[in-house]
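Letters A, B, C, D, E and F mark the chains as written, and numbering starts fresh at 1 in each.
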Amino acid sequence: MNERIHALELPAAGLSEATQAYFAKCEEKLGIVPNVLLSYAFDEKKLRAFTDTYNDLMLGDSGLSKLEREMIAVVVSSINHCYYCLTAHGAAVRQLSGDPELGEMMVMNYRAAALSPRHKAMLDFSAKLTEEPAKIEESDRAALREAGFSDRDIWDIASTAAFFNMSNRLAAAIDMRPNAEYHAMAR
Amino acid sequence: MNERIHALELPAAGLSEATQAYFAKCEEKLGIVPNVLLSYAFDEKKLRAFTDTYNDLMLGDSGLSKLEREMIAVVVSSINHCYYCLTAHGAAVRQLSGDPELGEMMVMNYRAAALSPRHKAMLDFSAKLTEEPAKIEESDRAALREAGFSDRDIWDIASTAAFFNMSNRLAAAIDMRPNAEYHAMAR
Amino acid sequence: MNERIHALELPAAGLSEATQAYFAKCEEKLGIVPNVLLSYAFDEKKLRAFTDTYNDLMLGDSGLSKLEREMIAVVVSSINHCYYCLTAHGAAVRQLSGDPELGEMMVMNYRAAALSPRHKAMLDFSAKLTEEPAKIEESDRAALREAGFSDRDIWDIASTAAFFNMSNRLAAAIDMRPNAEYHAMAR
Amino acid sequence: MNERIHALELPAAGLSEATQAYFAKCEEKLGIVPNVLLSYAFDEKKLRAFTDTYNDLMLGDSGLSKLEREMIAVVVSSINHCYYCLTAHGAAVRQLSGDPELGEMMVMNYRAAALSPRHKAMLDFSAKLTEEPAKIEESDRAALREAGFSDRDIWDIASTAAFFNMSNRLAAAIDMRPNAEYHAMAR
Amino acid sequence: MNERIHALELPAAGLSEATQAYFAKCEEKLGIVPNVLLSYAFDEKKLRAFTDTYNDLMLGDSGLSKLEREMIAVVVSSINHCYYCLTAHGAAVRQLSGDPELGEMMVMNYRAAALSPRHKAMLDFSAKLTEEPAKIEESDRAALREAGFSDRDIWDIASTAAFFNMSNRLAAAIDMRPNAEYHAMAR
Amino acid sequence: MNERIHALELPAAGLSEATQAYFAKCEEKLGIVPNVLLSYAFDEKKLRAFTDTYNDLMLGDSGLSKLEREMIAVVVSSINHCYYCLTAHGAAVRQLSGDPELGEMMVMNYRAAALSPRHKAMLDFSAKLTEEPAKIEESDRAALREAGFSDRDIWDIASTAAFFNMSNRLAAAIDMRPNAEYHAMAR
């Protein structure tokens, strides 16, 4: 926490025991406490709302695999050119897929990947929702259903793409810096 | 809940007592249960994460007034042409400000309003963060500080604008329908 | 005429009897003299050319109903975020349709409305003509014909969408203010 | 009138004597009847509203020279890639200026021309009004005033740029064809 | 070479005999030394690399006619609004086709031309490659193959469109001025 | 050369001895023959024109360091989302700078890097030239001169940014695949 993790001077707050324990668990499992968590930690209420949302979305039950959710995260972040999320979630795609090139293609241009029709539909929807949300129509949902997604899956695709449109913008707004450790992970 | 509130067929879920009580409180205070809550209610975990985030963001302590946060919500939703959020939060601006025209200007084009320098800076930042998040630079944060915002306020402006970039996209993705009651409120 | 109706200082001109009579008729029929007419009134020649064009376009014989023409007006103005035209013509859609929600959907995002194939085709064409006129091709006209429009109707759709691309820009250029009365009309 | 002048089949109408006389005068003065007039001629009411507007705008009294108004016409049409208007009004710039290269620069990219500060301001305003009308602010009008334009001139700049945003779209919508004679004029 | 041919002050260089001979041949064949060559001439190595690329691309063996390659050049330059390339290659289209109107349509909006399916496919691909290269997919190549192009032809279409995306940008960056002679050629 | 290196079936060509030697040298120095060279190798004339241009541009004498030229390459490719160039030149930035994070920032969003005023000006110019070449004006060149660049340097910045706007599009058009070796280089 010595280095700058974002551009704002926020009020320092002592961390509750619960948060200290949570961060210790992060370090144990991931080797780091992600800077996004440290960023929110100035206000534990905000931190908890964020982690509750995030953990349900990215780690909870879903018809989408964790890798699929990370692929959506990275594709949205690629369109928005979000340095923080591309770094952190690019690493996650490399790790979960065991395929570093796949991670790079999600970061750079998902259309370069040899995607299954399922993944093509999922990422095309996420890209359109990111770029021109006002133009989503029933035919866009129909394309997901044709690719085999249930309506419950569509909720998850939409929620994930929507969430990273939020995170990308918070990160951009405050110049949030990714932990240096991500860069070398799973190369 | 007889009418369609969005385009997806989601698994019906019985509501817990806590949620039923929460919805009863909504009806009492607002006259309605906002459809966004009913949309999330198929999964109480998601509902709670959403309401925790939302209530802290829009109703919690902040250097921004509730009206200012609603103004950001509507300006972001105007750029994204989000029918749900423009309807619900347009009503909120009319209500909190007692100024129906202000609500309309936020919906239609915030540049038409005679804004204070503080509000101009706040909304210009929110608009840029919505339209081209990749191009936010230190000078954009500096413009907020010059307009009198603290770094803590910048977090709140950023979080609010970012949040509605998420909500707008979830609403667009599933064609979420606003409660009919909003239209006539505070005209 | 006490309040500012636009941002320019234009030479005051005495109104001819004919114009005074016309404005009196407006007040009688609409309850107001629309500020767009007062804006043009500094030069009666310009005023007359404008009203001749407008009245023929929006009120004259056409295969499009008056409501349909107003729907086009609002959809174009929504894309261009024109405060004046959204206010005035949003009111007209509410009034002519007796459906305030329809008016709101035209203002906010016409894709949120449950449109007939005829109206979908008509508004999709108007939106494309507004956003990327250079890309209109024969297939775009063919889509209108398939939706049941005659070539004469296509002229009227095109003329109406084109006209509001003009009006939106004049209003934006001079910050034309809508009459306050519009806001509460037909809610 | 043997060749196709646009893509629509419109009801043929006999021309009134007044219109025949007007077209004869066009032929005499210009050597042609511009196809835009023939296009409108299926309905004399529309034709007259159009010519009244056009003649006042482009030929009437104004603080802008006729050449300046034609420069605006071409710059707007260049952004909108309107074949009809670029052809007809590009010829007008060549003719009125006696400078074929100036005409070409307006068609291709006005920023390539060595413009006076007055013309730069005028065309920058017209370009912004064309590309992003929603973002015009008081500072844009102020830039015109600094370049020496009166408020009355601003009306004319705005009206002219707005008018061609209309004409470009009508021409695009119906694939209006320019008279062949324009191409070789004033080269 | 008395007049300014671009906005930079570059080190003057004596021309080698080979270059002098090449320029003499240009004057003999074209009546001019194109300013793009004079621009590169400050460094003969750069000049030679440019002319080797250019001559192979635009004049070498190809399944595309020289006119077709020039049409691509002009359509790309129209999207990029490149004054230099529109002037020089617009003249080339007029000359090679003997059809001045075709040249004008390529400059102004290729969609206004009555194109063969082959040329429509070729120019649509070139336009998409110019505007949104990241979105090219296999279906775009398939459309070219359906229009009768071989894979070798696709290379040439792609190379030509790509090359002018380079040349347009160099010309824009340094404000490269076209030789005045182009304007009147082949009108 | 067993794996697919792009999407086209091009005529196979025997490689001349000179080319074989050149490729051998590549393997020796870089460990690979870059796929872009293998792509061009179907026609040795095209290959030579490409390598002559490339080697002069990226390796020849210049006021820009090789790293600076690679930074421009990657920033342009990031805007265009070019998988091939981001992979190959992202590796080059990592290698030449010895700073893997710098490479990632150039790939993801150069605005996230703590750039010197020189590099900020250089990359801002390259980004604008990529995104809106038609809007480059004298003030853009002036900003480079203020940052200490000579006119000769401006040529090199412009040429490099322009070149990658070409290469990105050729790579996109034919789905050129980067050598797998790049991914792990200099991490």
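Heads up, the rule we're going with is that a residue touches a chain if its C-beta (ideal position, glycine included) is under 8 Å from a C-beta of that chain, and two chains touch if they have at least 3 such contacts.
What you see is a predicted model; the values in this text were computed from it and never measured.
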Touching chain A and chain C alike are B, E
Across the interface between the identical copies chain B and chain C, with over half of residue numbers shared counting as same and under half as different, the residues used are same
Max Cα-centre separation from chain A goes to chain D
In whole angstrom, the CA-centroid distance of chain B from chain D equals 43
Dist(centroid_CA(chain C), centroid_CA(chain F)) in Å evaluates to 50
Whole-angstrom distance, CA centroid of chain A to CA centroid of chain F, is 29
Chain E to chain F, mean C-alpha position gap in Å, rounds to 22
Note: chain C residues in touch with at least two other chains are 81-82, 109, 134, 136, 175
Here the pairs of chains that touch are A-B, A-C, A-E, A-F, B-C, B-D, B-F, C-D, C-E, D-E, D-F, E-F
As the complex stands, chain F meets chain E at residues 7-11, 45-46, 48-50, 52-53, 56, 60, 80-82, 125, 129-130, 133-134, 136, 138, 141, 151-152, 154-155, 157-159, 161-163, 165-170, 172-175
As the complex stands, chain F meets chain D at residues 134-137
In the complex, the residues of chain C that touch chain A are 109, 111
Contacts from chain D onto chain E in the complex sit at residues 78, 81-83, 86-87, 100-101, 104-105, 107-109, 112, 175, 180, 183-184, 187
